[in-house]
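Provided herewith is a single structure, encoded as structure tokens, for subsequent inquiry.
Order of writing sets the chain letters: A, B and C. Residues in each chain are counted from 1.
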Amino acid sequence: MTAVDDGLPPSEGTNGAGAASGENATVMSDLRSHLRKSKAGIAGIAICSLFALVAIIGPWLPFLPDPSKQSLPDKLTPPVGWGGAWDHPLGTDQLGRDILARLIDGARISLLVSVVAVIIAAILGTALGLVAGYIGGRIDTLIISAADVQMAFPGVLAGLILVAAFGPSVWLVIIVIAISSWMVFTRVGRGLVFTLKSSLFVEASELAGASSRRVMWRHLLPNLVSSLITLSVLELAAAILSESAFAFLGFGVQPPRSSWGLMIQQGRNYITDGWWIVTFAGLAIAIVVLGVNLLSLWLQSFNDIAEREQIILERPGG
Amino acid sequence: MNGAGTSTDTRTERLLEIKDLTVGFPTRDGIVRGVDSLNLNVGSHERLGVVGESGSGKTVMGLAILGMVLPPGRIMGGTVLWRGENVLDEAVANRVRGREIAMIFQDPMVSLNPLKTVGAQLRELLKRRAGLDGADIRRRSLELLDMVGIANPHDRLKSYAFELSGGMRQRVMIATALACEPTLLIADEPTTGLDVTIQDQILTLLHDLSTDLGVSVLMITHDLGVVAQFCDRVQVMYAGRIVERAPITDLFADPQHPYSSGLLQSVPRVDRAEIELAGIPGEPLDRANFPAGCAFEPRCAEAHDACRQAPPPLAKIAERRWVACYNRPGGSQT
Amino acid sequence: MSEQAVPLVESRDVSVHYSRWVGSRRRTVYALDDFSISVAPGETVGLVGESGCGKSTAGRALLGAVKPTKGQVLFEGEDITDLSRRNWRAMRKQVQLIFQDPYSALNPKLKVGDSIAEPFLVHTRKRGAELEAAVAELLETVGMTAGAADKYPHAFSGGQRQRIVIARALALHPGFVVADEATAALDVSIQAQIVNLLVELKDTVGLSYLFISHNLAVVRHVSDRVAIMYLGHLMELGSQRDIYENPTHPYSQALLSAVPVPDPTTKRHHEPLKGDLPSPMDPPKGCRFNTRCPLAVEQCFEERPPMTERSNGHYVACWVN
């Protein structure tokens, strides 16, 4: 809802039932004016936008060769500046495939996996958090215990087991990442609901005879959205890293498709002859994760400031 | 000391003198003036009330006197003189603040350190500010707690703020404020949020202390009852400006500014049944949307063209009576 | 008073106790004890007391929002302490609450119109244009323009928000409204507007109020009858005139004399009440006011004084006065 403006994909599954156009317009203009003051925010948005843009339109870029086209005579061509030529600006790998094309292809996988995984985790986690926080009692105990168990369970191990059972696939990676991060949304959502639950507007709605579902959907959820968007972006960074790790371990996308993790895994054998394979793949991961983190940090500071301003402006104390 | 009630500006020593003080807060919509060209004097042995509703700038003014304007707000102009020295100068402020001028706030919980006992806080204060040491500190601590009416001061020295009731905390707060024998006490809504019977105790205490110790009090409050019962003189603020200043009996008997009279006709009374509550029509001023003229004009029944041009200056209409309104005798000239 | 007919709402010996963890110990909070009061149709009953006196709990008990530990609440003669889910929902149309804090009483993410429309959506089949018209009418009833429906709460001042909260409370034409410190968060000039609005609505819409407040002056202004509470016990109950002109309980007397009168010519000559309020987790035995009462005798520490009728409709719970 808030991030769409920047060409970033909507990384949040919960929907802003209450965020209608009028308020959105002011939020947008506030976001923009807040952005102008934050260099880190600008950098974060720039990196994330570039990442998303490249991932989405990558295959239609005119000057790029086919990422899976092998050309053994060109294998391990160094990048431009280290003896390479402009037809392979970042060099080629051990099979003569263009590194830049493969990086861009890998961005697609990274984006797809991380965004879909976070959306699933956010929807699932938020829903459980809402129910746990609002209904409470035994249901709360059950949900929060499940979250605790999940917290203690190593995600990689879960991945290994599932791959052993079903064989490697991208969808499996998405599911593994989603089930290893839903509880973050549950915990945060539940915590927020606990405080919101005692607000007078919730009491008013209950006193009017509104059902639990109505209270959760109309009153609680819209007030969670901004915090959960920030959290989603933060989780996105973790998901990108996880995806790379799974690809590196060979659980995820299979050759000849490419992924940054996979590129590192394959490139590490040639680190002496072709340092650029691992370097560029590693750099891509580092920069994108940094960008996403900057974005989330900035969103968080915006939320804090918006909250503070609201308090100052709404409750003038003398 | 009992002359305080009837003293005039000329007979008392002038302690605090604020001239053209303006405090601004930058916002999206430009700079909002929390306090606008404010002039004010506080004499010795005086209880001056500052009354206004939320957004009137009374709290900002209280803080600005001690040079404490919270960023992003800043003092944009004017001087605050304490016995002739400018308090807005950091060096002077550090010398005066907490010693000659002390302040108490609405919520003592914010001002008291939650991790230290009452005794430890008093000790630190007395050591650093009053330069006492050893047995003197303890003696003085007990004396202060006793002075503010705290029973069992020995035990209370060992208490933490959260162990005390609201009234007790405010008493401790007053004790710390009085630790360095100030000449002026700024009390910002000291009884707001306390129960009526506890408010009564605290007001009585402040009244007695100011009389016994000869401390002037600047009482910042929204409560006309507190002003009527506590103060000698009062100034009414609206939207960062003083709209009226008068001795207490004059204001209540014959308010001059339309806002003052509107305010007085808005308060229900516990000692009278079936009075008409006139209220003041309209809404409090949107601070981002200041009119060019008198800030009260949009809510004023007597407003005319001149009121929309420029804010009326605070003008003297009688001995010790000042009003900022174009519709009052003498109010139109500077 | 002549309100001896059928009361609209009535509580009979209602007690509300609940337990709370204090550190590692479970303590019982005696929020309300043997609370009996009635509100007649068209009547405003003021309920005053200091913090922790149980006035908010009493209000919520009368609404059926808090389950009494003991005693009964009757609405139009019917016991509502043990309603079935369906009857409870029907009951919700009849009684409403107006809150102290208009800032948190409205969902910041919901348009004002949607907040006001909620009771209709829950209880009626009104939708679309019909619903919009109903919301617009309510907004006009409380002195706002219909255009307010499309804005979010942050666009409004505290007084305007309180009007919106009142509009929402009036949506389904309740007979009984509990106003819990409804003007406490407002500035004096705005408080007067809201108080006037509430008084006016009483006649135009036909409401009965339980008006809960710590502000004795406001309560005097709006109430027909007044009840004074201290630490969960009712101390005195009578007509507005009885309570303010002839306060009988020592606590009522102390409370009234503690209010600073906005008139410098009425100077106070009194000794402030000593001491602090005891904790409702550890209330004194006998009369709850005995720790601060200047007149307390031995009996006050032993036995709780019953409410006895001193003159027509004027009840006082005191052994001495």
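Note that in this section contacts are C-beta pairs under 8 Å (C-beta built on N, C-alpha and C of every residue); 3 or more make two chains touch, one makes a residue touch a chain.
On a predicted model such as this, the values are computed, not experimentally measured, just so you know.
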Margin query: Farthest chain from chain C, going by mean C-alpha coordinates, please.
Written below: A
Next item on the list: Write out the two chains that share the greatest number of C-beta pairs in contact.
Entry: B-C
Notebook entry, point to check: Cα centroid separation between chain A and chain B, in whole Å?
Noted result: 52
Next item on the list: Could you please state the distance in Å, as a whole number, between where the Cα atoms of chain A are centred and where those of chain C are centred?
Entry: 50
Margin query: Just the number, please: Cα centre separation of chain B and chain C in whole Å.
Written below: 32
Notebook entry, point to check: By residue number and range, which residues of chain A touch two or more other chains?
Noted result: 315
Check: Which residues of chain C are in contact with two or more other chains?
Finding: none
Next item on the list: Would you mind listing the residues of chain B that make contact with two or more other chains?
Entry: 54, 222
Next item on the list: Under the touch definition given earlier, write down the residues of chain C that touch chain B in their complex.
Entry: 50-51, 157, 159-160, 187-193, 195-196, 214-218, 220-221, 240-241, 244, 254-268, 272-274, 276-277
Note to self: Which residues of chain B touch chain C once you look at their complex with the stated criterion?
What the structure shows: 53-54, 165, 167-168, 195-201, 203-204, 222-230, 248-249, 252-253, 262-271, 273, 275, 277-281, 283-284, 286
Note to self: Which stretch or stretches of chain C touch chain A in the complex?
What the structure shows: 63, 65, 88-89, 92-93, 96-97, 99-101, 103-111, 114-115, 118-119, 122-123, 150-152, 154, 165, 168
Check: Okay, in this complex, where on chain A does chain C touch?
Finding: 16-20, 22-23, 199-201, 203-205, 207-211, 214, 218-219, 222-223, 225, 310, 314-315
